[in-house]
Amino acid sequence: MRIILCSVFMFFLFPLNIWADGINVGLQLEPPNLDPTSGAAAAIDEVVYGNIFEGLVRIDQNGEVIPGLALFWELSSDGKSYIFHLAEGVRFHDGTDFTADDVRFSFDRARAANSTNAKKYIFAPIANIDIFDDYTIMITLDRAHPDFLFNIGLGDAVIVASESAATNAINPIGTGPFRFKRWVRGDRIELIKNNTYWGAQARLDWATFKIITDPLSAYTAMMAGDIDTFPNYPAPENLFLFDRDPAFEVVVGLTAGETILATNNKKTPFDNILVRKAIAHAINRKELIDGAMFGNAQAIGTHFAPNHPDYVDLTALYPYDLNKARGYLREAGFPNGFKASLKLPPPIYARRTGELVANQLSRVGIHLEIENMEWAQWIDQVLRNRNYDLTVVSHVEPMDINIYANPNYYFGYDNADFQKIISDIDKNGNAAGRAALYKEAQRKIAEDAVNGFLFQLGKYGVWKRGVKGMWRNYPIRSNDLRDVYIEDNG
Amino acid sequence: MKLPLNFIIGAILTTIFLCMALLSLVWTPYDVTALEIADKFQAPNIDHWFGTDHFGRDVFSMIMIGARNAVMVSLVAVGIGMLFGVPLGLYAAAARMNGGNLIDEILMRGNDLIFAFPSLLMAIMITAVFGPGAINAIIAIGIFNIPVFARMTRGGALGLWSREYIMAARVCGKGSMRISFEHILPNIANILIVQATIQFSIAIIAEASLSYVGLGTQPPDPSLGRMLNEAQTMIFFAPWLAFVPGGAIVTMVLGLNLMGDGLRDILDPKLRQRKAREMEASNAAS
Amino acid sequence: MGHYILKRLLSLVLTLLVATVVIFVMIEVVPGDPAAYMMGLSGSTEATEALRSELGLNMGAWDRYISWITGMIKGDFGTSYTYRVPVSDLITDRTLVSVPLTIYALILSTIIAIPVGVISASRRGGFLDTLLMGAAQVGVAIPNFWFAILMVLFFSTSLRWFSAGGFPGWDAGFLECLKALTLPAISLALPQAAILARVMRSSVLEVMNEDYIRTARAKGLSKGQALMRHGLRNALIPVLTILGLQFSFLLAGGIIIESIFSLPGLGRLVFQSIAQRDLIVVKSIVTLLVLAVVVITFVVDLLYAAVDPRLREGKRM
């Protein structure tokens, strides 16, 4: 009996050896399914993008478009037609060949009437798809869309095969450097190296995404070595603990997530620019970043990623100044402030930031009643029915300033000047011209104080020292593991 | 009369918390709605007895208000349980005694039905429908208190209906509802009060669980459960944030339970063993 | 007896039927659209609508109720909106975590509670009794999720004996799984053990007053011997009733514990499904949990009726 007890005890004491040529990746949210072309959950891309599925082009960790299944392409002088030259000898994981037919199938499927692609608009400009031969395909747009190339690099536009498209949600078949092995729902998703990958082989033999929903478990799992890397660690308040531990490396990068105090511009009193300016002056970004993000975020003054070359720093446009805020409120006819509601979605950044924002605005007499809600309720009330005053949310889509041009979007911002800027950008093929227009767009929404622009959400990478090749930034939600390896520390 | 020790300890603990809760209505050491980021994560010290949290709020003040919120939610929830449960139980017993077996059967099956639903899950569903908040937490906890009191009242009442003095009252032509309220209710008040104490302590844990998953009292109002949830990721460098609210819940519940036990001994020593077991059974099912 | 069973069975079926209606109505009134949830912040109305019809959300309420009930009777619970796999597969996988966890917790709580209850009863009023029952009072008062956090802090972070969460799956080996379930089971077991120990104690005390124990003692058996030979079995009956209740309570009540330990159990599945409005999963699981409680109660009632014929007359505690 004693011996059994002892051995049971020993068993508990020593974890199994971890096989060194693979990696355990921590993931906070489990993807609902593994088909990136249906549904919008970022967690799907975090597992499959670049690993299992690939598009014609790829987006790298700096947000640049690089060749994917299309090795190179030509753009016609009118900016309307792309001729893609596809890689040869590519096979899907089930052994079927990849040809131009698969490209056409994927794009036709995404733009079909019954398509459930969350970003169907990407494919809307496509007028024609012509196959020249198995490895050459021409896509003609209705007019020049300079964003098209970037957009088809997104997870929603990956190439799938007609044989497996229907079952990708549960058994994803792509062309990527890893293939799907199995999914223990609620616990982990296992990928193994694709030995017949057409490009440079992955350096890892396997990769397992472990779902760790609880931030407390996330910390202990890292510390215990159950997880080798947490690409986006859920608790910024703990980062300093890893930072001071020589066994770990902390890499704080940026996501494409502009965190904003979204404002219902159609509703009184927020339809009054003076009120919005008052709010802008009452917000103390530094305090928000310190208090809610524990210093790990970058202030923004407009809706644009600060690491983008065209970014304009407008944080000084409405500096934190309570007297100015009170002045604007007086001018707007609210010398004693007013009451409003603040609806907050579940992520911890939103809850913490919201609580602080409510506290900051109360200093000028704007009293916010906080309503915490689930995503489903938030989407229903705020996003769809625009039944809200204020909310805090991060817009994680890359290059999404154009949402301000949609008067039916939940901001309710309907400004002809801004809409013209965006449509000019859409038509302008000239890089310098576009950059100037993007800057103008940023200034316009900042000056109109459409929303409170708070900070860019960080990407908090934590990994064991020796893990190399993880993405620093999240221009898109992807953990492309093809270049990841574990350095032998001897 | 000598009071049992458990009652004394329980009453002292409960009184302390009740006083703190009441005091928080008019005074707390610090204002918990004023967030001072510069003061964050102070370990317990002279100025802040239980330290400060990630927003620089005074944990002691938060505990006072959190205790108040817990007490209020639990009190009203148990009140709802008694308000509906006791008359239902009396009615079912009276019906049975007057030949209305079917009514009794339906009421008791209804009771079983509520019992059969997983309570925490149902509370989550209720808040998914109506949104989170103290009032919905009260409703969710209150609903599950109804069958507890209904069942206990019915059991007690059935035992009394065969007593002689009830018979006498019937002969005098008193209606069954009148008998229930005039003669039966006063005689089962003892066990109901004891049960209410126990349910109160269960409700406090339930409120803490609901707030822990974010469905109870909403910010900026502090709640003990949410404090625990928020403390989770900070426990490695600010352990007091988890120890203090947890300790507060445990002491509050412990106080109530000890008081309930003591009350049981005082009110009816004979009841002690038999009823103790039945109550444990209903605790286990809650 | 046959008549009694038939009557109880009928009321069981009726209860279940009413329960399904209640559950269905609740699910109907939950605001939020699963399709809109899946499409996120940038989904177009058109794609959302396509998804709605793909998921069968555009059918009338009555049709959906009927197809749900008839499907369930046939063992077909439908397909999860988000996971896109049969709900029955999901439930089976999760049950294989939750049921063992519950059993593990019950075994632990019984192992702790029965000796504590017996010792406490036999030393009634003594120092050991006061100490043990005081500890039990504290045990009842500890919220299990707080206890779980403390355990993670102590065993996973400081001592690093256990990993803090996750479940390797049963094909990884029995011991591996047992290890993964140990901390969660202890967290669930502690408050239950405290309740059980108190019940055990009062039950033993009651039995000790029974005539047959007195007779046994008069024959010269010591208190302990009398208890062991004659009393323990009788004292265990109320404990078993409570174990039955605790089983169904723990099965559904593990939500928070499963989240803290990242266990893929039923509770976490249903919690996550509510948040994602995967309502087809929610209603099936809630129905199954209700079924479990009703059936367990039914079986316990039958056992009691077998033991005590008077109960067949319909008098229940």
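Should a chain be cited, it is by its letter among A, B and C, assigned in written order, with residues numbered from 1 in that chain.
FYI, a residue touches a chain if its C-beta (ideal position, glycine included) is under 8 Å from a C-beta of that chain, and two chains touch if they have at least 3 such contacts.
Please read all numbers here as calculations on a predicted model, not as lab measurements.
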Taking each chain's C-alpha mean as its centre, the one farthest from chain C: A
Which of A-B and B-C has more C-beta contact pairs: B-C
Chain closest to the assembly centre - both centres taken as Cα means: C
Distance from chain C to chain A - Cα centre to Cα centre, in angstrom: 39
Inter-centroid spacing, chain C versus chain B (mean Cα positions, whole Å): 21
Intercentroid distance (Cα basis), chain B paired with chain A, Å: 44
Residue numbers of chain B (touch at least two other chains): 128, 232, 235-236
Contacts with 2+ other chains: residues of chain C: 31-32, 149, 157, 274
Shared-contact residues (touching 2 or more other chains) in chain A: 214, 216, 219, 346, 374, 377
Footprint of chain C on chain B - complex, ascending: 101, 105, 108-109, 112-113, 115-121, 124-125, 128-129, 155, 158, 201, 205, 208-209, 212-213, 228, 232, 235-236, 239, 242, 246, 249-254, 257-258, 261, 273-274, 276-278, 280-281, 283-286
Residues of chain C defined as touching chain B within the complex: 11, 14-15, 18-19, 22, 26, 29-32, 137-138, 140-143, 145-146, 149-150, 153, 157, 192, 195-196, 198-199, 202-203, 205-206, 238, 241-242, 245-246, 248-249, 251-253, 255-256, 267, 270-271, 274, 282, 286, 289-290, 293-294, 297, 314-317
Chain B contact footprint on chain A (complex, rising order): 214-216, 219, 234-235, 237-238, 241, 287, 290-291, 346, 351-352, 355-356, 358-359, 362, 370-374, 377
Partner chain A, residues of chain C touching it in the complex: 31-34, 36-44, 46-47, 50-51, 53-54, 82-85, 90, 93-94, 97, 149, 152, 156-157, 160-169, 175-176, 179, 182, 259-265, 268-269, 272, 274-278
Touching residues on chain A, where the partner in the complex is chain C: 8, 11-13, 15-16, 30, 32-33, 38-41, 113-121, 169-170, 184-188, 210-214, 216-217, 219-221, 223-224, 226, 346, 374-377, 379-380, 383-384, 393, 395-397, 400
